[in-house]
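What follows are several structures.
Both of the next two complexes hold subunit A, though its partner changes from subunit B to subunit C.
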Partner chain A sequence: MGWYFRALSKRRIIEFVLLTVFAVFFAGPLLNLAVLAFSDQWRYPDMLPQHWSLRWWSFVLGQDDIAKSIGLSFLIATIVTALSIVLCIPAAYAFARIRFPLKKVFLFSFLLTHAFPKMGLYVSIAVLFYQVGLMNTLLGVVLIHMINVLMFMTWIPTAAFRNVQAAQEESARDVGASPFRVFRSITLPLAMPGILVASVFTFLNSLDEAQGTFLVGIPDFKTMPIVMYSIISDFPSSAGAVFSIILTAPTLILLLAAQRLVSAEVLSSGFQVK
Partner chain B sequence: MSIQLAVRNMTKRYKTGEGVTGINLEIKKGELVTLLGPSGCGKTTVLRSIGGFLEPDSGDILIEGHSVISLPPEKRPTSMVFQSYNLWPHMSIFDNLAFGLKIRRTPKAEIQSAVSDVLKLVRLPGSEKKLPGQLSGGQQQRIALARSLLLKPAVLLLDEPFSALDAKLRHEMREELREIQAQTGLTMVFVTHDQEEALSLSDRIVVMNHGHVEQIAEPQQIYNQPESLYVAQFIGKMNFLQGVVSEGSIHVGHLKLPNEKQLSGQVKVAVRPEDVNLNPSADGGNGQTLPGAIRQIMILGHYAEVSVELDDLAMIRTFQSKEAVQLLKTGQRVHVNFASTLAFPTQ
Partner chain C sequence: MRKEVKQAIVGLIMVSPAFLLLLFTVVIPIIQSFVTSLGNGSGGYDLSRYQNLFTDKGLRSNILFTIKVTLLSCVLVLLVSYSLALYMRFSSGKLVELIRKSYMIPLFIPGVIATYGLMNLLGNNGWLARLLLPVGITLPRIIFDEKGIIIANLWFNIPFATMLLSSALASIPASVIESARDIGASKLRIFFRFIFPLSYKTFLVAVTFVFMGVIGSFTAPFLLGANSPQMLGVSMQQVFSVFQEREQAAAMAVFSFLLCSFLGFFYIRSMAKEDQLND
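Showing the complex of A and B:
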């Protein structure tokens, strides 16, 4: 071992240490969570639990409202993603290709929903929802979720559409494609990575949303994060850990899938807003 | 031969003040015509208007006798090869080439054979399954050319197609394009700012400057008989001397030159470097030479460029054979006369 470290430059060692710190920082809590989920008894100062068990898994999965909440969460996330694609993709195309007055202002206005404390925004929306009867409805919850994702869902595809060179569309017109055919065969496929990234973000964001759902959806629309709160407060931490893993799994799966489809570079370039 | 493409009195002005005015062109079937000029002269504006990507302010464009001015690009019988290739990176070479044919609902078997034929024509057989990103710049431009050729356009438009390629490849592509033109008999309009490219490729050259046409003629004529001072200085190397008209002839120093164009007052006299004769000995006897001194000799392989400072006049460049230049040295007094000259009014 000694020869290996001696062969390393000082810079390399610093890099190595930093990397380790980061790895512990990110993976440590997850590892702890995983161990906690399978433990029955785990007391300080032992490194590992005294007793392992699957008790809390059967407990959590045995709860009726939990199974229901998982289904509900995925239903809502799907609706939110589908609706925001329908709404935001045409808007993104317009921002990228069409010149209209105050374009920059409109594009920037999507930041507004993120500029104020969320709770304040939700409370004022809740007041509005009361008046129009949207409290405790599926539509109300979907709308609250969409407010969160409008920005990503417009900005990222806008950048994606902008990255499709107008000249590439021109050459398609040149060989005989109508404007609609150009959009379908050239523009949309070339912008697809950005749109996919935005959709994945939207889906995950909706799965994760708790504050707004809590305010608007209670008592009938308890999504996973809402149920999570009650589990954490009512049961031992192992139950919370089990539920966290269930909540994290779809995120991980979707992110891995997204990563297979698009490189991290494309992912980050999706954020370039010109 | 019939007129394949006609541009009639076309004008297009941009807000920036640039654009083209009063463009008139007639291009015969099977002709390769180059639009030549510096950047910003409007040559691309003319080409893009023919392709349908720009809407002229006024004038008309006719292809095979029919006006196409109101048609969008996809309805015009033209096809364009772009400077930046513009292949679609998410499609294979086959799909790139077949796209236009699929839109035209060509039967599958026909598409297959047409694609493989055109790939042979551009010397890239068997590359159907590759993606554009796997090809070099020259290969991508060949595919772009093939994509246009497949559609058998009435007029093929080429917008500086080889300017992104290196010099050697550019040369090769030029020859290939000439060959393809001979094989297909397509009518082509080629935009370039490279006069060598224009001179070597074209049946006729349209020299453009500041949004209007300076001259339309065959390459040799453009070189030998430039109609304007602009064309004279833009094409090839040229010496300019100040002259003045009196008693029916043009006087440069004590040299008398014929005034063929019936000019008057101050004129610019233009002489090609290869038309300058150097005489190391004294005056030829008839008074028809100008005295000067050699300032610089540059050996350029099979010939040499000799700069001569004419007494009380300008510096001129001459081309001399490598044998002749051995008898010369810098500082030497010489007499020059001109085998042929051109004269232009000074603006």
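Showing the complex of A and C:
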């Protein structure tokens, strides 16, 4: 073994050590949950569980409110994504293509969703929702989820529309296509990757939202992260680990499916105006 | 002229649904918070709630603690992210390819899950403690301590900042760096003369979002932090729901908003210069 390491340059070794630390740092917590989920008994100080079992899987899957929470979470995430697309895509197109007054003010106002602490925002929203009767309603929860995604759901598609060459649209217009036709068959398909990434991000963000749902949706809207909070406090860590995997699985599946689209370039356009 | 007016109207109509939602769920609640924070509890309006932030011993230590953790997290996150982004930009090989493919995954992992994983991994008698036992290393207290909060902040924000910075670095043309190398510029010189100035704007974006994310964070400090001092997000929740002091909680929210707006100002100023918006 010794000769092998000596043959490597010092730089390579440092690189390797640093990257290992990195991998352990980021993968460690998730790996730990994966091991925990299949353990039956794991006493200190053993490095691995003494007994493995699927006991906690059948326990978690057998709980009534857990199956319900999964369905509810997906329903909410679907509504949130669809509604955000309907509301934000026209705005994104306008920001990218149309001249109108106060454009910059409108564009940057979306930054407010990230600048005010969420806790403070939710508390005020709860007061407002009480007055208009949105507490403990599906619409109330959906609106709370949309706050988090408004900014990048507008900014990512804005960048995507901007990246469509105006020349391509113009040449379609020149051969007599109507503005709507140009949008449908030139602009929209070319901007689609950006819109899809924003939608995937929105969907996952909604699945993940806990604080706002907790404040506005209690007691009827127990989404997956809400159930997770109570599992953490009420059950042994293996049950929490099992549920963590169930909660993370859709994320990983969606990411894998959208792998080709999700790039640093597209995602980062959701946080800056280029 | 008439065409321009028509366009302006169409533009405003297209923006209005998203903006109305923003108005209803964000702008109005912020204004409402501000008005609430000025209430002194006995019907009048003054700045006493803001005075409390600096005179009340508990609140003051929470604020100082929050600022300390936020600044420390920002520095660490940006240091690591910048190095990682540079490494990914200027190295090649299978390993780098693997990192490029996987470094963004934590961005999409639910916050509760990652925090829960960190708790189990780093806690007393956690997995890391068990793995290090044979080597004879005992870990200091990490969970229920500020170290835990900072580690969680690193976990959530390094992938995010790296994502932003590597997109900025990718847009620096290789020819710029190669020609600098050709005339014999040292690595450090290339970094300070070309790479940093060309990615400075995105650097500011990363600082702004990491700062805003950490200062308002709740889940991680709630599950991982000590009872005192607390991060503002946790303290705010407690002041609101345990002590039932709405005005004080609102003042805390507005105060942290002011801290964010300071950075937000530089962010918007740098973004607004972009000429694309002016056309």
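Just so we're on the same page, the second predicted complex is superposed on the first by the 254 of 274 C-alpha atoms of A that agree within 3 Å, B and C clash if a C-alpha of one lies under 4 Å from a C-alpha of the other, contacts with A are read in each partner's own complex, and residues count from 1 in each chain.
Assume a residue touches a chain if its C-beta (ideal position, glycine included) is under 8 Å from a C-beta of that chain, and two chains touch if they have at least 3 such contacts.
This one's a predicted model, so the numbers in the text were calculated from it and none came from an experiment.
Participant: For the combined arrangement obtained by superposing on subunit A, do subunit B and subunit C clash, or do they fit?
Facilitator: Superposition check on subunit A shows subunit B and subunit C fit without a clash.
Participant: Just subunit B (first), just subunit C (second), both, or neither: which does A:25 touch?
Facilitator: A:25 sits against subunit C, while subunit B stays out of touch.
Participant: Going by the contact rule set out at the top, does A:165 touch subunit B (first), subunit C (second), both, or neither?
Facilitator: first
Participant: Determine, for the superposed model, which of the two partners subunit B and subunit C contacts more residues of subunit A.
Facilitator: Of subunit B and subunit C, more residues of subunit A lie in contact with C.
Participant: Where does A:113 make contact in the superposed view: on subunit B (first), on subunit C (second), on both, or on neither?
Facilitator: second
Participant: With the two complexes superposed on chain A, say which partner A:189 touches: subunit B (first), subunit C (second), both, or neither.
Facilitator: first
Participant: For A:174, select first, second, both or neither according to whether it touches subunit B, subunit C, the two together, or no partner.
Facilitator: Once the two structures are laid over each other on A, A:174 reaches subunit B alone.
Participant: Which partner does A:38 reach: the first (subunit B), the second (subunit C), both, or neither?
Facilitator: neither
Participant: Quick one: is A:208 in contact with subunit B, with subunit C, with both, or with neither? Answer first, second, both or neither.
Facilitator: The answer is second: A:208 touches subunit C but not subunit B.
Participant: Considering only C-alpha atoms, give the closest distance between subunit B and subunit C in the superposition, rounded to the nearest Å.
Facilitator: Superposition on chain A places subunit B and subunit C at a least C-alpha distance of 11 Å.
Participant: Considering each complex separately, which residues of subunit A are in contact with subunit B in the first and with subunit C in the second?
Facilitator: none
Participant: Which residues, counting only subunit A, touch subunit C once they are in their complex?
Facilitator: 15, 19, 22, 25-26, 28-30, 32-33, 35-36, 44-47, 86-88, 90-91, 93-95, 98-101, 103-104, 106-121, 123-125, 127-128, 143-144, 146-147, 150, 154, 162, 204, 207-208, 210-211, 225, 228-229, 232, 237, 240-241, 244, 247-248, 251-252, 255, 262-265, 267-268, 271-274
Participant: Tell me, which parts of subunit B touch subunit A in their complex?
Facilitator: Touching subunit A: residues 51-53, 72-74, 78-80, 82, 84, 86-90, 99-100, 103-104, 144, 147-148, 151 of subunit B.
Participant: How about subunit C: which of its residues touch subunit A in the complex?
Facilitator: Interface residues on subunit C, with respect to subunit A: 4, 7-12, 14-15, 17-19, 21-22, 24-30, 32-33, 36, 84, 95, 99, 103-114, 116-118, 120-121, 125-131, 133, 154-155, 159, 163-164, 166-168, 170, 201-202, 205, 209, 212-213, 215-216, 218-219, 223, 232-233, 236-237, 240, 246, 249-250, 252-254, 256-257, 260-261, 264, 267-268, 271-272, 274, 276-277, 279.
Participant: In the complex, go through subunit A and note every residue touching subunit B.
Facilitator: Contacts found on subunit A: 165, 167-168, 170-178, 181, 185-186, 189-190.
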